[in-house]
Structures are given as structure tokens and as C-alpha cells.
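Structures follow.
Here come two complexes built around chain A, the first alongside chain B, the second alongside chain C.
Let's look at the complex of A and B:
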């Protein structure tokens, strides 16, 4: 984004909240407002959210007591209308009360972040209606705050007896169905509590964080290169997106320019990742409504793509593609031919399967009107990715905040853009809409890969500086197949990581499933869940 | 039905691969191995480079050798960056073993690992054994105890038409109560510990537990922290360890063969009697 835009916003907001903002800082496309007092958080956040057309991208708490700053919370708002700007509202938290004002009422998507901050730092969000534990389940002892600096990574806590309170629905004929954490299929763990009336779902409550592995805390004890491996394993199927976001944050901190070729290779691998995962999702939709033939055909395509991944990167799920400053694996002329051949073959097969699926009325019937996401809820919860695009919310990090080699492509002609907007408006948020969005994106990915294969020859990676300036921070982001993933990194002394905050698309999108199933019956839940294709590990960290 | 008409009706010919022996691409990062002649004094840098502490220095017969714990190794290749001549990354995966100590391979003298058999051969052998032991299919319950979902992708791949594990009489079931084998992934996160234990308790004896992937074997990159327990065997007894990050479908099948070998006909007969 051009500097003049940043200046304009800076002036506007500074003018409006003159006495409330102590300092303004710029860092690439980030505009930081540092507040005088934490009591002004709700006012300024609400202004940015309601009047500037932004979305809450993430909320970061840091323990900077050693630096004399106490606890600090950064609210990050991203503009989504084509301007590549992130607003940061930074406030020091009162150490005597260890609490801060909640913004969950005006900005509902903040509620989960505030509960997370309570669990990890022990800071209370005053005014958040939900004070139940989130990350640390009921068996964790009181006063365990893993992300505080004095908390030792290796601490082994005792278990305490306690019960989690689910929202209970009362009335004649209401039953509860508990599902999980160990599910029937080969999927990750999580608990679903259905309140049903006969077959109809009256309420659904999800309880996650079973796979919480302490990734953010662990990162603080690791070397930067090792954290890169960790970022790939935040969610195995999003390895490229997450590691790209992490690398970008560090490249901003180190102020290095990544070679064009490396950017293009990141784009290609990002799209290959989207491809095999979207195939898997579409196959999953077919499986979950009992259309085995369709899913078999799509799984064959998925396997073909995973073998392509393997021959290019040495890993079937694309581990080890990125490094800070560029990429670790090259795409040679020979691999280009392999990619082209595979893509050509796969796209032909795919078109055949899609024609077949769309022509089966029993297939389309099951998807139509199932798992409809209400648009208002989608906007309030700030959901991203396919889930947002299926209700006509036109957001895509690849276009809104261009990274890697996305800025030269993916825009289309004016006619195409209009066409896209028209189709967008028609989407009504059901499983069928998500099915169609995924198919559309698969076709786009084929195109993006074909276009990106004209590789420049300026090298695979830039040299990384041996010493990073302590306590510099930056935001990295990418669009995974699930939606926007945002990573914020603050480096510490001696090239360590001081704080690594990860927010994947799944964290934002999980709450919407509770809304999406409300008009459905229990047997439709698997297909609704699969159509949203959320990661448990990426949510739980 | 001739193959041609088959193709016309279904749009595809037979996709199931009968011989996967040479399946791994030469680029695949399966496991690491050392060139023992070239071991020099730069151990420290080498050991330091490993993010999961899979490498260790061992004194043996007045010589220093390096050991690699495949249960920890995630095949990132960072050691090769430090010592490109000494370390070799091979496409062959490390193989499943029965005890944790067997996961450790030494640069010298003889490697413990046997070479892998072709997929079809393992499958047929398994199928025979299952028939003899159970007289029915083998039932597997998969439990994710905190994995990154990489291992799940590979386990799911076993069910796709290419690997098609069901043709060998192996079946994934929805409840531990129906299962003979538990396939467990992840570093056993603390929030999953009790659920894993309960799943184990719900599985009828004789039961076999397989730890799948580096995380399940040792905690992997997630290690042993406040939120993880550092391996499945800290929570439930493990019979077979399958290394890899994630292990390929062929290696998973090999692990299942090893697991079935651990079951004794008497045990199964006894449990059948108890049922009657």
C-alpha cells in the first residue's frame, strides 16, 4: 500500500483521538497506535471496526514485564477492501488489577481471544459474558498461566477435579448427545455437545483445545530455524501457508527482500497445497453423504497430487518448502514439465468428476440448504476463507494483502471481477455453496500454477542477517485453503523468539459451525463439518 | 467385463497399485544415514543442528560414532545442511520396530534396520496372518492424541483406491470396543491424556497399541512440555513404534504386520472363549 494512504489514516485517527494516542508508529503496512490508557481500548477499537471497514485480524498479548512495559495487548485490524493496511491498537495493561476492558460486545469475534488471554496470561477481560476456561481444560490447576515469562516450559502440573459447564437446553423432549473427543472417523479430537429435539439440532456447543501442544510457548525456547519447522506442524495440511506467514514476519523484521523466484515458488507450493486439500474436502463431502464412487475418484486425484508434492519437495504434505529469506527447494525445468503434465491430467479428471457429481440430483439435493451459514453471524464472527466466500463475503488475503507472487496475478479483467462479484452475491452459505466455491478455487489454482511457472532466475533465498535487532516485531499472513492465517513474531535478544502468536483460519471459523447446523438434523452434521473443513490442531496450537 | 468396458463405465481403469516397491520418489526425505568413513570432529555442530535431539554421540570400542533416533527424527535435513558430505538423506523410510531402543540406529557398525518389502507383499502376508489368527477382518481404531494431522492424512491415504487396505482384510472401525488395534498419533497432549486412557480401557483384550509418527514415539518436535506428555508410551503401553514425520502408507502397513505378529493365537482363542 502506498505511503500516502498510511499517512492519511494516521492523520485522521490521530486527529480524532488526539489526547488518547501517545505515539504512532509505522512498520511496512502496519500502522501502530499506542494508547495512553487502557480504558480507551473499546472506543478506538470500535471506531476502527465500525467506521474504517476493518476486521479483527488477531489479538496479541505479550508479557513485557522484563522490558518495563508490563503486559501489553495489541489489537490488529486488517482492511479488507483492497487497501493493504493493518491497524494496531497497542495498550499497556494495568498490573494492579490484571484486567482490561472487553470489546466482545461490539466486536463478537474478540470474545475467544479474550478467553484465550485469560487462560494463558491470567488477565481478565472485564465485560466478556463468557468466563469459562478455553485452552486449559477444567483439570488444570488455578493460576497456571503458561505464556507468562516466569512459567517454565517443562512444568508438569497436577490435575484437579472440575466440570465444564455446557449450555443446557431445557424443555420436554430435549436430549443431549455428547460426541467426542475421540471421533468415529480418522479425524482429530474435539467434543461436540448437541441438544436435540428428535432429530433436529436445537443447539450445538463445540469444546476444542484437546490437541493443545503449547506451540506458542515452545517457540520461545527454540532457535528461529526450528520454529520454522514448528510452524509447518501447526496444522500438517497447512504447512506451506503457515510457514510462509512465519517467514514473512521474520523477513519484515530482518528487513530482507526475498528474491522473485523464491516468491513464485512459494506461490506454486501454496496453490499445490490448496489443491490437494480442496480435493480432500470435496471427496469428504461425497463420502459423508454416502457417494463412495465420487469420493474414490477424487481421492485418486488427491494421491496423484501428493505424489507430485513428494517429487518436488521431498515430502508428501509439503514439509520443508520454506526457509527464512526464501525457499529450500527449487523447481527445476524438469519439475516444471512434471507439474504441467500432472496438472493437465488431474484437471481433465477433475472436470469429469465434477460434471458427474453435479448431474446427480441425489447428490446436489443433500447439499442444497444444508448447513446454511447466516450472513449476519458470519460477519459478526469475522469468519474467513471458503466459509466467508460461500456467504458472499468477498475476502481473500491473496488479493487484499498480496504476498509471495500473488500481486501480479489473480486479479482478472474488469469483466471477470464483475462476474465474480455477481456470483459472490448469489452464494447463500449452504454446503452446496461451499462445494461450488471449492471447485471454483481448484480451477483457479490450476491457472495460478500454470501462470507462475514462468520462473525468474534471481535465486532461491536472500542472505539472512546474523543478528536481528531485539524486540522488533512484525505481522506475517497467508491464505491457506481454510482462509487467512496470521502470525505475529517479536524477536528477543540473541536471535531468539520473544513471542510467537499464531491465529489460523480455524480459530475464527470454528464458532460458525454452531450457527450453521441449527436448522439441520444430526445425520447432516458430518457433511456440514467436512464442508467447512476446519483444523483442530491449527485451532488448539 | 473386459478392462475396456470397465474404463468406459467408470471413467478410470484399475487404479490400485499392485507393486509399490519402487514407489518412493528419489527426492523423498525418508530417513537419514551417515557415511561412517567421513565422521570428523565436528560433532557439536552436527548434534546442535538437530531440532528434536535425535542425534547423539556414542563411544564404542575406542571410536566415536553417531547414533540417530528415528523415533525423534523428523527428516528435516538440517544436519545435512551442516555436514553435507557426512549425512545422507535416503528415500527409504526407517522401519517400524517393537521396542523403542530399536529405533536408534548407529553410524557404525551394522544398521539395525532391515530393508522394506514391497507393499503388496506385506499386504498379502498380513492378509494370510489375519485370516489364520482371527478368521475375520482386523479392526483398527485410530486415535489422535494431539497430532498436527499430518499422520491422519497418511492413515486416510491407506483407505484410498490406490493403497486400498480393505482388500487385505483390514478395516477401520468407529469404536474402540470393536477394535483389535489402536493406531495412536500425536505427542499425547495433556488435554487428550484421559481420553486416550479411556479409549485404551474400552478396547477388548488382546489389544495392540501402535504409536504412529515421531510425535507418538517420542514427542517429536513438540517434545515433553507442560502441554504434552512426550510420547504415547507415557500414557498407555505401546507394542509397535512407527517412525516418520509422517510415515508413508507403506510403512504404516509394515507396522500393522509387525503388530499382528505380536498377537498370539492362544490369546485370541482365550478371548473368544471368554466371550462365549
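Let's look at the complex of A and C:
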């Protein structure tokens, strides 16, 4: 089915932009359009975005000067309506001007990627209204572009003194509240600048990237097996999703067929990861509104699930589950019964707690109407995961671009699909909606795990690839509990990594928090933040 | 001679409040831990905390003025002084001649005023937020508190605490149905005054939602010890008031060893039960939205109005 769609889209777009596209390539479910001239980027991207019903999945810049290509930017658009297709718009960037046309005005979600490319490669996006640095904070010296190939990993940079310009709100009675980057709880660093009038939030500006670790640069100096470990550590609580995405990219490059059993095990671990994290978010919501009883009940469940993880994989947060070509740890018949028992026990407990929480008027009242995400902003910023589903944007990588064993998932009868669409329409994007979406997803995860336990018996992994064809690239993706995570890998010579681009769900979802709190008061911010459950580490890379 | 004994007992009563206050805090924390299926630390932990803090150095912001250093002492002295007027196990306190319930509230007001100033004084963002919220809540709570005192005073004929508690221990509850409404209101007010859920979360780490904790966020060492201790004493005083006015049974009315002993045991039992009840109640509610807190106080005031109607019926 996908193949025929691919052909059809290829013809359509080639026909429309005949003279602007040099070449079209196919790579599994990816359709690459290579442009003649960078000035056509906005036109083609806008066409794909506005007319083809796609979302900007990621934007990848590579330094291919060594190969004689100069800098190359790839815009990846994913279809989200059931057709498993990714469109790549590939353009070479003029080395003499070091700039490219911005698409941030028609496609607002591109703005952050363009700022990131400016910091890391020194290419200017002409027309992007926000030219402030994003990843590299102001103390970095000028003309330092870490992802260019000539930048040595061991470079020690000097510190420069400078100030970041926050958007300032002026008027009588407006106060600024700076919060962070060091917070009172044991959480990661991030700065929040509130402009408030009394308790009402007029504006919020977030400043992140305090935990920038240079993961993408680091990967270029590591062996593939080590990069796998690195990918697990992008954000500790989405280790399975990130390593699955990385493995899939490499498996596509090496053209390996992953055994069915391995794919099923990936699905089970992926769902286990989603489970304990959703549990932790729901518990966090209860903590943040001061309902400690509910939160401790949920934390007990979370602990049970993490102990299950440990007994299955040896790691509470599921490190070391994946390997390129399959999985490292098996699910034996014995562990199957452990899983079933734990899931049964936990799901009973969970239903009790949820009934209790929903019956507390003080609990429901705090969530209702708090942190409402405007649907228009959600679409423009291209948010993913629970945050998108809570405003009724029906996207889910597991269904739209099935991977691992999600191919076999039952898609529902027409009646069920209609039912789902009706529920989606009713969702209004407040914390209560996110709370309910998470509860529903927890119940679905229980179901998926139960179904996936009918394991095939065809082995844990394919043979490890020995020689990868240099400069082949592929996209890997997975749905973590935060939403879609997209990894793009290009291999270099001698089985090295030439470029590893990671885009986690947090990168897309962070900006929405600035919109979600606009009708709220300061004391409600923690619960809004928790309900979105964003990772600092996964964003800062 | 008996005058001296009375004064001595009055001083002992105040000391009991000051000394047992951290224990009540410890018991409430333990109860909350138990209801949340945690082990929790021992009930004597608040004493250890105070001792630890007394040994620690202080960090004082160079942006602060004398108010910041002064206010822990004002707090401790004002609230400690209020403890002298509270009947604990003897219904008539010898210091009743000097001041009544209104003075106790006045002393609380003084302490609160200085706490709010010190929150603003260090010019940190959270202190200002906390002070602003505290002002909003206290401006609403105080009228409710006064109204509840007037209702009790109307019933028992006076605002002097010794008269109040003496009259209360002599009379059965049933002839005064208005007191039930006063007790409901007092309970809500006490939750607010002591910064408990659903008003404020005393166990929070979230700087953006705090009220009382935000104001004392900049304190450390001895000043913090004094602040926390005075908060515990204030809580103990309010608990003692509610148990001795509304459940006065067991309090001794004459100075005899056996009666005083029974009075003391009864007091400890009542106040522990009440503290555990408050902690349990806290477990069963979430913190209310800040701007819905006036609704809670409105419930208290409405309850008091009904009580007043009952009094005049």
C-alpha cells in the first residue's frame, strides 16, 4: 500500500516542481527530493506542509564539505493520516553566503531548528524573526560552530561575558519572576521568566539547554555499539524509545531483517517504559496539587513496575535492552508469568486509585481548565504525544508509522474509530484532559503488553552488520511516553557515524508550555509543567 | 501563697505549650507519612531539627535590613507571650487579668506582620509572592476569626479565656447548638492560620505554590529554628484553644495534684487526637486553587452567621 502511495506522491510532486527537483530517491518509506537551488526551499516545504497534510518531523543539517556537497539541510515531513511516508526535502547550502531561506513564517515549528542550525553550523536562516542563540548560551565565544567537522571534540573554549535578552513586558503593576535554572526539587535545570500581574501570568519565557552535552558531536567519534549506549542515555527515562529509534535507523541502513520475536520484545519493553513513566506523571500531578495520598499510591505502582523492569532486563530504567539487529534480553516463559501477574495486580490497584482521584472534587477542580493548550498553537508548533492528543490532534507514531510489532496492533472496527474521533473532538487541552489521556494510555499499554506476550520463536537478533555502505542514511522513530522521537543516522567510512541527529518529543513540546500557562496563575504553573512531563536532558542533548 | 502557686502553674502551662509544640508537629508528620504508606521519621524529629539548626551558621542576604534579623525574635516572643494566656490543664489562667483572647489574636497579628515584612525585605521573588498571598489570606481569615470569637464570647459571656474555658467546662454542649457552627468555622480557620491543606501545603518543595514557606525561604540556622518553633507554638496554641473551648471535659478547675494530673493527661490525649485528625483530614484533600480559598473562608463565615442566628433564637 505504502509503495503505491509513494509512487503517486513522487509523480505528483515531480510534476509540480519539475524544474526545481534534480533527483528523487526512495529509501524504504522515505521519499527524497533533491533540490536544484536552495531558494526553492520555502516553496516546496510550504507545499508539502500545507497541501499534503504533513508535519515537520525534523530538520537535519550536515557538514558534507568533505564529500564536495557543502552544507546540506534535509527537511523531513511525516504524513500523519495513516500513510507511512516521510518526505525529505534536501538542499545544498551556498557555502559562499552561509545562509539559507527561513521557513519559520509559514511553518512556525521550524524556527527552533533554524536557530539550532545557526548555533551548531553557523548558517543563517534569512527571514527567521528570532535570531537569538538557542543551544549555545551567550558565554560561548563567537564563530564557534561545534557540529562543523573541523571543530575538534576536545576543543576548550573561552568564556565570554554577555547577557541574554528576555522579552520584557512593560506596564503598571507588571513584575518579573525569574525561576531557576536551579530548582528546589531534584529536577533538571531550566530557567523560567514569568511576567506577572499579581498572580496572573502575562507572559512566560523558557530558557533551556543548560544540560547541553554535545551528544550529536560525541556520537561522531564513537563506535556504533557505543552510540547505542549513548542513545539510551539521551534521556534516562526514554531509553527504550530512543535506542529503538537508533537501532531502526541502523537496521534500515544495513538492510537487516529483525526477527519477529525481537520486534515483539521491543514492543513489550517500549510499553513497559511508557507505563512506568505515565504512572510517574500521574503521580506527579497529584503531588503538585498537594494530594499526597494519591501520589504515594501511584508511586507504589510505579515502583512495582520498575522492579518488574529490573527483574526482566537487569535495569530499573531498561538500559541495555536493544541492540542493532534485535534485542539483548529475552522474555522467557517464566518472565511471561511474572509480567502477567504484575500487570494484573497493578491494573487492579490502578483502577482503584483512579476511581478515588476522580471522585475528589478538590482534585478535579484543580485540573479542570488549568493549563489549556490552544489548538491553533498546538498545530502550528507541531507538538506530539500526549500534549497533542489532549487537544484532539490524533497523532501516534505507533499507529501512523508502525514499527517493531505495532504492525500487528488491532486498529479497531469502524465503530471504534468513530468513537475515538468523537472523544478526540471533545478534548479541550487542559490538565484534566492530559490526566485522562494518560490514564487511557496506561490502560491501553496494559492491553498491548498482554496481547504481545504471544511470542514467536524465531530468535533474538539478526547477524550484526559488518560492513556498512558509507554515507547511507536512514530515519528511525519511536513513540516514547512524551511523543514521537526521531533519530536520523548517516554512517561514514569504516562503520563510523558521520552524523547523528536526534529530535526528541521534548524539543517540540517545550515551546507549548509558554502558551499553555497564559490564562493561569503562578501557583498553577507546577502542575501544568508536570502534566506536560517534558525532559530537559532530551531537549538539550 | 496560693497566688504564687497559681502563677507557677500559669508559667508551667506556657512552658508545656512551648515545649510540646514540636512534638505535635512531629506527630502530625508521622500521621501523614503513615496515611501515605510511608514509614516517616520519628515523632521527635522536629526537636532534632531545631537543635541542629541552632548549631548552624546563618546566611543573611546583604540586601536585607534589620527587619529580616529582627523578625524571628518578634515572632518567637510574640507567640511565646501568647502562650501565657492559654488555659492548658487549669481552666483559670492567672494571666487572664492582663489579657484576653483578643490580645492573643493581636500578638499573632504582630508576628504575622513581621513575617510578611521579612518576606518582602530580602527582595527575593518568592518572599514577595508569599507575603502577598499571606496578606490576602489573613485579611480574609481575621474577620472570620473575630466573628467566631464573638460567637463564643456571646455564649459564655466574655472574651477572657479563663472565663470562657471555665464556663465551657461547666456546661454541657447540647444547650448551645450555635457552638457546633462555631466549631466548624474554627476548624476551617485553624487550617488557614496554621498553613495546612487545603490552604497551603506545609510539605511542599514547589516554590511557586508556597505561602508560609515562601516567606521564610531565606532564613537559615538559628533564625529558621526560631521561625519554625514559633510556627509550631502558634499551631499548638490554636489547637489548645479549640480543644479547650469546644471539648473542655477533663480540664481541672481547682489546684489539686490529682485534678491537675488528670487535666494534663486529658489535655495531651485531646490535643493528640485533634492533631491526628487534622493530619488525616489533610491527607484526604488536595490543595485548593489559590483564588478559591476565599470560598472556604466564606463557608466559615456562613457557618458563624447561622450560629449567631441560633444564639438569638
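Please note the rule applied: the second predicted complex is superposed on the first by the 539 of 541 C-alpha atoms of A that agree within 3 Å, B and C clash if a C-alpha of one lies under 4 Å from a C-alpha of the other, contacts with A are read in each partner's own complex, and residues count from 1 in each chain.
Just so we're on the same page, a contact is a pair of C-beta atoms (placed from the backbone, for glycine too) under 8 Å apart; a residue touches a chain by one contact, two chains touch by 3 or more.
For clarity, every value in this text was computed on a predicted model and none was experimentally measured.
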| item | value |
| --- | --- |
| Chain B versus chain C as contact partner of A:260, first or second or both or neither | neither |
| Contacts of A:311 with chain B and chain C, given as first, second, both or neither | first |
| First (chain B), second (chain C), both or neither touched by A:188 | first |
| Partner chain in contact with A:296 - chain B first, chain C second, else both or neither | both |
| Partner chain(s) touched by A:65 [first = chain B, second = chain C, both, neither] | neither |
| Chain B versus chain C as contact partner of A:179, first or second or both or neither | second |
| Touching partner for A:358 - first (chain B), second (chain C), both, neither | neither |
| First, second, both or neither for A:375, with chain B first and chain C second | neither |
| Partner, of chain C and chain B, that touches more residues belonging to chain A | B |
| Touching partner for A:155 - first (chain B), second (chain C), both, neither | first |
| Touching both chain B and chain C, residues of chain A | 184-185, 293, 296-297, 300 |
| For the chain A and chain C complex, residues of the former touching the latter | 175, 177-179, 183-185, 198-199, 286, 288-297, 300, 360, 362-363, 365-366, 521-526 |
| Partner chain A, residues of chain C touching it in the complex | 32, 35-38, 125, 128-129, 132-133, 197-198, 201, 203-209, 283-292 |
| Residues of chain A that touch chain B when the two form their complex | 137, 139, 144, 146, 151-157, 181-182, 184-189, 209-215, 217-218, 222-223, 225-226, 229-230, 233-237, 239, 280, 293, 296-297, 299-300, 302-303, 306-307, 310-317, 319-320, 328, 349, 352-353, 356, 535-537, 540 |
| Chain A contact footprint on chain B (complex, rising order) | 10-12, 15, 24-25, 27-29, 51, 74-78, 89, 142-157, 159-162, 172, 174-176, 186-187, 189-192, 194-195, 199, 220-228, 245-246, 248 |
